[in-house]
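Chain nomenclature is as follows: A, B, C and D, assigned in order of appearance, with residue numbering initiated at 1 for each chain independently.
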Amino acid sequence: MSADAAVKYVTEITPEDESRVAEWINTEEYKEKNFARQALVINPAHTCQPLGAELVAHSFEGTLPFVHGSQGCASYYRSTLNRHFREPAPAVSDAMTEDGAVFGGQNNLHEALENAYALYKPKMIGIFTSCMPEVIGDDLTAFIKNARQKGFIPQDFPVAYANTPSFNGSHIHGYDSMLLSMLQTLTEGKRMEGRCTGKLNLIPGCDFNTGNYREYKRILKEFGIPATVLADISDVFDSPLDGTYRLYPGGTKLEDAADSINGKVTMTLGKFATTRTFSWIKDNYAGEHLSLPTPFGIEKSDAFMMKLAELFGKPVPESLKAERGRAVDAMTDAHQYIHNKKFAVYGDPDYLLGYVSFLLEMGAQPYHILCSKGSKKLEKDIQALLDSSLYGKDAKIYMNKDLWHLRSLVMTDPVDAIIGDTHGKFISRDAKIPLFRFGFPIFDRVNLHRSPLIGYQGVINMVTTICNKFIDITDDTCDDRHFEMMR
Amino acid sequence: MSADAAVKYVTEITPEDESRVAEWINTEEYKEKNFARQALVINPAHTCQPLGAELVAHSFEGTLPFVHGSQGCASYYRSTLNRHFREPAPAVSDAMTEDGAVFGGQNNLHEALENAYALYKPKMIGIFTSCMPEVIGDDLTAFIKNARQKGFIPQDFPVAYANTPSFNGSHIHGYDSMLLSMLQTLTEGKRMEGRCTGKLNLIPGCDFNTGNYREYKRILKEFGIPATVLADISDVFDSPLDGTYRLYPGGTKLEDAADSINGKVTMTLGKFATTRTFSWIKDNYAGEHLSLPTPFGIEKSDAFMMKLAELFGKPVPESLKAERGRAVDAMTDAHQYIHNKKFAVYGDPDYLLGYVSFLLEMGAQPYHILCSKGSKKLEKDIQALLDSSLYGKDAKIYMNKDLWHLRSLVMTDPVDAIIGDTHGKFISRDAKIPLFRFGFPIFDRVNLHRSPLIGYQGVINMVTTICNKFIDITDDTCDDRHFEMMR
Amino acid sequence: MSSTARKIEGITKESTQEMIDKALEAYPEKGRKKRAPHLAPNDPGASSACVKSNRKTVPGVMSARGCAYAGAKGVVWGPIRDMVHVSHGPVGCGWYSWGTRRNMMTGITGVSNFAMQFTSDFQEKDIVYGGDKKLMQLLSETKELFPLAKGISVLSECPVGLIGDDINNVARQAVKELDLPVIPCNCEGFRGVSQSLGHHISNDTIRDHIIGTREFAEPETPYDIALIGEYNIGGDAWSVKPMLEEIGLNVKAVWTGDGQLEHIAATHKVKLNLIHCYRSMNYMCKVMEEKYGIPWLEINFFGPSKIRESLRKIAALFDDTIKENVEKVIAKYDPMMQAVIDEYRPRLDGKKVMLYVGGLRPRHTVSAYEELGMDVVGSGYEFAHGDDYERTSAEMPEATVIYDDVSEYELEEFVHKLRPDLVGSGIKEKYLLQKMGIPFRQMHSWDYSGPYEGYKGFEVFARDIDMAVNSPTWKFVKSPF
Amino acid sequence: MSSTARKIEGITKESTQEMIDKALEAYPEKGRKKRAPHLAPNDPGASSACVKSNRKTVPGVMSARGCAYAGAKGVVWGPIRDMVHVSHGPVGCGWYSWGTRRNMMTGITGVSNFAMQFTSDFQEKDIVYGGDKKLMQLLSETKELFPLAKGISVLSECPVGLIGDDINNVARQAVKELDLPVIPCNCEGFRGVSQSLGHHISNDTIRDHIIGTREFAEPETPYDIALIGEYNIGGDAWSVKPMLEEIGLNVKAVWTGDGQLEHIAATHKVKLNLIHCYRSMNYMCKVMEEKYGIPWLEINFFGPSKIRESLRKIAALFDDTIKENVEKVIAKYDPMMQAVIDEYRPRLDGKKVMLYVGGLRPRHTVSAYEELGMDVVGSGYEFAHGDDYERTSAEMPEATVIYDDVSEYELEEFVHKLRPDLVGSGIKEKYLLQKMGIPFRQMHSWDYSGPYEGYKGFEVFARDIDMAVNSPTWKFVKSPF
């Protein structure tokens, strides 16, 4: 401190200033300033690639996720998955530190492979990178080859690896890259001329809802379609509590994944979740390949069912037809509780498309539609959906905006509810409107990831959750004379 | 008006009086007066026998419920079922009027049988009585015999009938009587020496949750146990909307019901729901007979599974074991949101036992336990449950008290939540605590009857609903500085 | 929207009769004979009702009708907010009618209103030994626990009449002992053919026990009126009352929506009775006319045309102040109503509606639909009398089907044939129709919405009808596979 | 609860060493050699730490450790409520640490506190061309949108240091241009071996940029103190501060729970620093002692014994007024605490606990468990140094296992062997342990509850421990089939 500086005293933020600014941040003026931001990102609704990559690495039988990078990165990813699923998320890192910047990360990687292989006895390891090795340019291909040569892991031990730089894309892109690598690794040399497993390979994409995976499997079972769900987290992140800790509960069987290259049909769900994987599959997998929208709402679920029926030459089973009818029944019975209600929705691209579909089908208005890692292509797809319905006409789409932008939108142009994830709860509170936690992550409610959102059962679940909440609000906020037995 | 009467002017209830009494009804003093009532019943949590009887009559294939009595009774029953299920509830009455009091109801019954048979082409008719014929003493046996003789219905057309006086018991007793009659009618002459269907006859009892029936069937399917669910409402009151109205969707197949007398095992669930039926079955049905508690909570679900395993010599399937583990996982993950919370619970006997079991298993306190049509036997069973747990030690049981009593209890000795049905919503509002609508009827929320409460999935559903609501409350009521991302 | 000679394309007297005949084919002969007179094509020119009505329900046909108790408890008595209404007899009747009519109420439940279920919960022994003693005790318990209740109605259920209890005597005693109006109403469900007799019995009871027992404390004015047959379903009275006050009238009592016993008791002092639900309360209007010389006028507050017409009819009975007010009110609200029509009519134009309700709705709401561009192609009542059908003819287009106490079988047949875009009926019909893929609104209860009456109500009505008819959910009824 | 010679039945030096050896068997030789010195039986009599610590994490062993950024953002900076903390670099680090530490805050989010996620969201091009320019713009946008922010911290993520950005220079410029404290903190995640270096770097940054830049406006008193290393997890500071005020002290600043930049900046004017989390902030206490002559005292506010002990240690440094106050406070709260013990101890007596946390908890909470009758049979730290382990020996019973940076493999082995009735650790361990049927509490974050410190906290702590250990849900872990 320079001796001649006048003493500065501690000051407090005055209540007046606090009130003034608290009002100001809800104004149009503030909104404009807020939207003028170019460098600062506040409350983004997406995270970095490795998280998605880790999800994939967890989702194969006996596979140990392995972060090539700082152990702090691994801690962050694991905690996030722990909190969302309320389940273990075992993963290792090779704990790179400063010396890695100088010497590269090979030593760390080798030592870590040796230890992890010995301690956690995986059937496979899925390596993905965090920032450090990406910036310094580690050569994973060479490192792993060397590891085999030096005996840190057996020659034939399967190791998938993906570059998942955090300064590029979002968790869904990391998911895509890791999945691609897993499939490349597992299917290498497995393509057999003339062989057809007769099975469907289903790739749900970067989805953190275990209920959805179970629901896909249930639907396929109803159809009687033999299937391999690739990157199946349903048992991985929803395992029984019975006194035994299992390091690797569930996941797609490696054998099945390997043989998936000889599948009859390979279907990815979600146009945006697994584009690289899909493109590689098209060039390398036997059988038919196709990509369908994630089946949110009736129309997209219908498309899914009909495509399954067509591909496998089986009619949609009566049980699913009846389920469809029950879902439509639930929709008509409850439409009046949601009709014309305005929603702010945000999330990953394929989920976002799903929300918009579902809301339009119910006669609700998706109104502020925001993706914090979107694209022109996504915007076009959403707009096309909106254009198909009267209830989409007032909607606006915001690409690559964040939740602080969304706050401005909701405060200046109110809506009745938000669909998003836990991070939206501050907007929900400030705007005094409900938040439906359909997305990822959910850190503050239990079991929601166990409740499917896809297919007809998903429709019923969303109808139930949303409509009953609106009725709750009516009951909670009406005056005595409007408090009624029936709703 | 007598001429000498002084003019009396219109007076208004003063705001002062209103406030005074509004406070008074929340006091201990009022509670005492309230509990001293002997003749007046206010807001009973049960209704009359015929409603339960109608539920049974709906629940068999092609069966038309038929109210012998006033058409107004039929309208009431039907509306109640319509509102709860948001589904059609087709039923006829023979529209007795004053002349019935003089001449008896035979003419009405005959004409009604003729018309109903012609118009609604049922495979069976289930007749039950409302007050009038019960008071005047109509002889249904003779009337129906005469109807056949006179050709209003074919000789061999199955007609079940039950006396279901409204001034006795409650809807669960009407359920029991009608079910007994349905089974007596359908199985008459079907007992075949030496024949065994190899099947389980499952009698869930008076349960208005279609999700529970589907769940029973799913569990039995997982086990691979062939079963006939007797009085199966799952498709009856949860039918698809596909543009075709079906008068008789679903229901227990008459053939299966008839053959149920040759079953391998007949199991009733709920000690209180179907006592007469069970007692008749014991004397008349082949195979084993047993009664288990309605499987709410882990312990009772375990007992159900183990008994099935034992009876059919099959181990509990791995899939259900895993489900159990997931339910326990959900319980432990969420226990802190419900632990030691106090509940007021009311409902039908078997549901009530279920609530108490579940709450004790979660470490919550069932605190005010009320049955508006209970018995000493029920009280004893509940007390035994309470005695088994630390969390039951402060509980009090109230038999044959009504919801106005419950209001006094909740206002003078507060709890954190109520489990009941829609009728509890006024107490919930007055006490500013949540109401969990697990019982019947639910007139003011959608789809709740589609969500099972029994078995392991039921545990997960109850945990989810209750714990997330308590978290909602934390989020909604905490001050800003306690509003957190994670819970 | 003229009320004469409206025709619907494709609907002729012959086509309608053919449809009716076809529906009747399935009946056994006796049933067919009984039902036939209750179904007919509308003839707006005829001087009398085109269908028979107020007859016993044909046994076994699946009627939507209720009983006398329902008419007394649910319709007439239940809405009086400051009385305790005791369902005297077994537990069920009161339980079913508890909170299920949407007659909304001011006050604090259990303190100053009593929208609860009070019952004597008859048991076997009450049937055997009679319930009079129990009733007496119950009444005194009621007074003690609900000190602000202005009175108690005792509504008999079936057994009470059948076992020969004398509730009138008990009530007489109770009035003395409790110093409180206790009104016995012998509305056992077996009486009469529908809820209609329950209305009548209740009206008579009001006449015998209530009317004239109070007077208004404030001075009389020429503008004092009462609103009769208005039950405040979904808050209708709260829409209509301010409108009448806006034209300068004092609404001294509402019968019985959000009603108050003592105001009803003083109604003999008003200058005019406006009756909305003619069916359930014309009796009392006639009584008050005969006994107290109070004129009465039937009004219809559904949709701007009928509101306009009704307000002018009212104005005609008053001085220039009221007349001017009425024109001002019409001038103020008509543009708003036009805006509503402009918004919704394009989406509803040409859509067909069928109605089957009670009371006044099957005729009173016809014009409101028409203002939205919709055609009502069938209408009928649960419990109407001839005078209701007389009043209906002119409101309905020519040759459209009129059905009295329609059976579910007939309704289904008519709907199959006419394929309406909307059916307005009750909860028992709702899900049946929806399963057929037909949009539906509960028109007894405004389907948990409302109000539908008055200016405020029309906006809600139009919004709800649009929502029902145009909900995208209907697109999904037919599975593509 | 004496801190010497406590023994646990069945636990000997030999049994513990055997357990450790067995756990190490699975390791490859190199790994085993590295891990072995981090695991040892406790020796309360020894003069030095029984385990090695603050070493690089062994690659591939599944450590729970975080990084320097986590230590800076999550621990030290994040809780300062009136500053914007910018996670400078890619989107993830800030996202993961957003709202996940439970350092609670006063104020309005986005207005007067900034518990949000601010990031420069580095893209490929920022890596290639550097992010300094973006940072400068971001800082000015921050100032414009959050005018009440008292300052901005810039917390570097890995790429920033690797690509050679100079955030210190940008910050210097920004201070001038924005007239606002902008504090650069080079806490890249690759630095050091755990979050510990992040604490240290942050402390140094506070030393270099903040301390001494303000003075308190009100006159000094002899009772002015600061609370250091108190992060207000679950509201701990809100339990402790009033307690200290009750004994007559003025808590002028809290480092950094619910902290305020300018109060922290004036801390050099206090008379005493009380330090709770020694690990993360001893550096600053030493700096303030050296530079400003401020004495410091380590205290422990978990459980009544340690509170009593700590309050008396504090009192010893003050005059009689404070001494008397302390005795009064102890006399007031001790009976309440005894009541808590009386309620819960019978249900917890003899239960075994294992701890694995960070900062101070692995030693500070031991006594609190013991007061509830529980034995802590194992303890360890994620990121401790030798001085932490020195301080731990005396707190733990003899020969119990001490583990540093325990791997999940080792922890699982120890738990299998010791079968504790409760494990207190972090979210990453929670569900693993629960799957084993072991009750668990997150002891980093009080498992969404709290406070656990101070008198108020002990009550919550005892309740929570009872709930975890005795929840009937554990009964159902083992399937009967």
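Side notes on the structure shown:
What we mean here is this: a residue touches a chain if its C-beta (ideal position, glycine included) is under 8 Å from a C-beta of that chain, and two chains touch if they have at least 3 such contacts.
Because the structure is a prediction, the values reported are computed rather than measured.
Contact with both subunit A and subunit D is made by B. Separation between the centroids of subunit C and subunit D, computed from CA atoms only, is 69 Å.
Rounded to whole angstrom units, the spacing between the C-alpha centres of subunit B and subunit D is 53. Inter-chain spacing, taken between the CA centroids of subunit A and subunit B, is 40 Å.
In subunit D, the positions touching at least two other chains are 98-100, 107-109, 431, 434-435, 477, 479. Counting partner chains per residue, subunit A has residues 83, 86, 239, 241-242, 321, 324-325, 328-329, 332-333, 423, 426, 443, 484-487 touching two or more of them.
According to the touch criterion at the top of this document, the contacting chain pairs are A-B, A-C, A-D, B-C, B-D.
Of all the residues in subunit A, the ones that touch subunit C in their complex are 298-299, 302, 305-306, 309, 315-316, 321, 324-325, 328-329, 331-333, 335-336, 339-340, 360-363, 389-391, 480-482, 484-487. Within the complex formed with subunit B, the subunit C residues making contact are 26-28, 30-31, 56-70, 82, 86, 89-93, 95-100, 107-112, 116-124, 126-127, 134-135, 137-138, 141-142, 144-145, 147-148, 150, 157-159, 161-163, 189-193, 195, 212-217, 260, 262-263, 265-266, 407-409, 412, 426-428, 430-437, 477-479.
Note for the complex: subunit A touches subunit B at residues 83, 86, 235, 238-242, 321-326, 328-330, 332-334, 337, 422-423, 425-426, 429, 443-448, 450-451, 460, 463-464, 467-468, 471, 475, 483-487. In the complex of the two chains, the subunit A residues touching subunit D come out as 1, 7-13, 17-18, 21-22, 25, 30, 33-34, 37-44, 46-48, 50-51, 66, 69-73, 75-80, 82-83, 86-98, 100-101, 108-109, 111-120, 130-132, 135-136, 165-168, 170, 239, 241-246, 404, 407, 423, 426, 443.
Subunit D contributes residues 98-100, 102, 104-109, 235, 258, 431, 434-435, 445, 447-449, 464, 467-468, 470-477, 479-481 to its touches with subunit B in the complex.
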